[in-house]
Amino acid sequence: MHTEPSRPHTLSDFTTALDKLRGSVLTMASLTKKNLQNAIQGLFERDDDFCNHSIADDEEIDLLEIQIDREGIEVMSRFQPVAKDLREVISSIKIGANIERVADQAVNIARRARKLNEHPELPELHLLDPVIKLSLEMFEDAIRSFAERNASLAVELKARDKSLDRLNKEVTDELINRMQDDSTNLPAYLNMIFISRCLERIGDHSANIAEDVVFAVRAEDIRHLGK
Amino acid sequence: MSTEEHPIQIPNSTARPLELTDDFSPGETNFIKVDNFKFFYGKKEALHGINLEIPSRRVISFIGPSGCGKSTLLRNFNRMNELIPGVRHEGDITIHGTSIFDPSVEVIALRRRIGMVFQKSNPFPMSIYENIVYPLRIAGQGDRSVHDETVERCLCSAALWDEVKDRLHDSALGLSGGQMQRLCIARAIASSPEILLMDEPCSALDPIATAKVEELIIELKKDFTIVIVTHNMQQASRVSELTAFFYLGNLVEFDETRKIFTNPSKLQTEEYITGRFG
Amino acid sequence: MKPKPLHFFSSPKGETSFFRLLRNRFLTGLCIALSLLTLVPLISIVILVIRNGLPLLSMNLFSQLPPAPGLEGGGFGNAIMGTLVMVGISLLLAVPLGVFSAVYINEYAPVSPVSSAVRFVAKLLTGIPSIICGVFAFAAVVMTSHHFSAIAGGVALAILILPIILLTTEQALMGVSSAYREASFGVGATAFQTIWRIVLPDAMPAIMTGVMLAVSRAAGETAPVLFTALFSQNWITSVLEPTASLSVLIYNFASLPYAYHIKLAWSASLVLVTVVTMTNILAQLIFSPKHR
């Protein structure tokens, strides 16, 4: 494992192709982040427009996922990358798939938000605040660790995923209690539980991205350890 | 595997000719042992103290940019470098515990125990049959039945028998490039060596012929210790279990091929195999 | 010149191309003319020799002895025989010496001072006039043995052809791919086995071509045999006595004032030219490389 900045390839096309693949992953990530923010804005500002944006823009992200796969395959067939180049390509493809799932969760959140918007606002919505904060942070940090090839940041994400799971469970339990007290708003509470669940999934995907980053940078496989 | 350590030197006092078959144990870990080996072309030092242990019945790749010393080391295993005037060496190479430079070791006998395949296929301008029989003839073996048996065995081992069995007495120079190289492999194993040295054996072959030779190398691993010099990274990762990376006359890294090509531990190795220099 | 219509392949300056083509045609024509010119002396010689040599040509020429001066009839069988014997002697001496020297300087010690010396002397010897070879053999063999002899003639011719054989053999050995040597050493052959079983067989066609060249050279030379083997009117009975040769016969008879002898000399020339040409052609045909 080498942390030194690597020299460019003798074959400059190779470097260009790897950079392009990396650029596509980062583009996809920032679009996804925006979709996620739109969905959450739609949720809190009770504005369906934001939600609709989030849902509509998902198509672009799907196309980017396909593009990343194509670029990765092209790099592999043209340059037969080995060592860190190979790990980078494999990781990029896997990260692309994980980002796409994050974007799907953004769509799910947007859909649930639209349903919540049909009913009067409930104060319990703010129960979700810490879950949203942590999951968004995790996604941002996962992408940052990829952009900066920062393996230690990525390793640390796995620990945060555990606290996110715990938060989700707490929020869900609380919402179930409310459902028993206030059965008239049962569908709204149910939607909130689903949203919390979506955010928890985003945390899982972020952790997966972090694992791929660690593999790309350190050639270590940290998946399914200690289970 | 660390190349810095010097495990206990097997004493050379009981020098004996290099006859390995009787007490040869497969899977020996330090079958070929290179011990602080330096090699000079005139004043130029081409190898700077190489330490390397090669296990038996494995395929070992030597990789590195041109002029890194990988071929030089390979050609020392059967002392082919001695044909060049003005060369000398320091240090030692032992095979199965016997120094190949020991005065009691005849270089002719050594080369019979160590077959060599060259970059450019070089069958003799004789028939296919005579090419394979040549190592026997020069060793004084004149028995026709032994000849016939050896020709069939070696051509089968080299996966060439079915292609040439009907024209054994035709000139070897009428074969295709890939067939010629497989014939050279057959010739190299005719004297029943323990070790096969291959100096870029596929660099002049098309992909299909290359694949056949690689297939053959993997097959031959059962019976031979194979050291292959290659400039083709994919070839090294396809055929070999161990890979040694040489640079500027030094052994930079020696490890499992899988490790070298996914996660090498030296920056120079990484930069070379990923195409960043060389 | 009428300006041509421009098209895709027109050069920007139309005229340059015209003069370039003209010069090209002119030079091509000149080369053809000159090479035809060189054929003139060659063909003239052949025609002259055939025209003058053919009338007397019969089987008798090969089986009979030359006539005494002033007489007619007879042939030059003894001269043909003498030439064959002396060329044979020269080959016996020069081929082993030349081939083995070449093997030494090319295979065993290509860069040693001895090899450089041998190579240098051989090149020097090729330039030495043939009469010097004759003088040397006269001094070394005739003076010491007090006899003109076929041996002395053979020695003179051997000195003449030794450098040819040595140098062509060296070239032949150099032409053997070093990959063969490597392959042979690689399977455990000794240097001798490699040379004997691989290098020499592969070089053989080229070596034999050199030997044949030497034969034709030796058969045609007059000066070395002129005062070493001298001449004889009789059949050769021993290699220790003066011996007739075709070239000396031509030299002798052409200067005689008898018409018949001059005709005989023409016929001998025809035979000599034919033999030399046939040897050359045979060398090309028989020993042309088979494997490549």
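In this document, chain identifiers A, B and C correspond to the written order of the chains, with residue numbering beginning at 1 in each.
Operating definition for what follows: a contact is a pair of C-beta atoms (placed from the backbone, for glycine too) under 8 Å apart; a residue touches a chain by one contact, two chains touch by 3 or more.
None of these values were measured; they are calculated from a predicted model.
Taken as a graph of touching chains, this assembly forms an open line, each chain in contact only with its neighbours along the path.
With centres computed from Cα atoms alone, the innermost chain of the structure is B. Among the remaining chains, A is positioned farthest from chain C, on the basis of C-alpha centroids. With centres taken as mean Cα positions, chain B sits 52 Å from chain A. Centres computed as Cα averages put chain B at a distance of 48 Å from chain C. Computed from the mean C-alpha positions, the centre of chain A lies at a distance of 90 Å from the centre of chain C. Multi-chain contact residues of chain A (touching two or more other chains) are absent. Listed in rising order, the residues of chain A touching chain B in the complex are 1-2, 4, 6-11, 14, 79-87, 219. Every residue of chain B that touches chain A in the complex is listed here, in rising order: 233-234, 237, 261-265, 267, 270-271, 273-278.
Remark: chain B residues 78, 80, 83, 85, 108-112, 115-116, 118, 120, 122-125, 134-135, 137-139, 171, 173, 184, 187-188, 190-191 touch chain C in the complex. The touching residues of chain C, when paired with chain B in their complex, are 111, 177, 179-180, 182-190, 193, 197-198, 201-202, 291-292.
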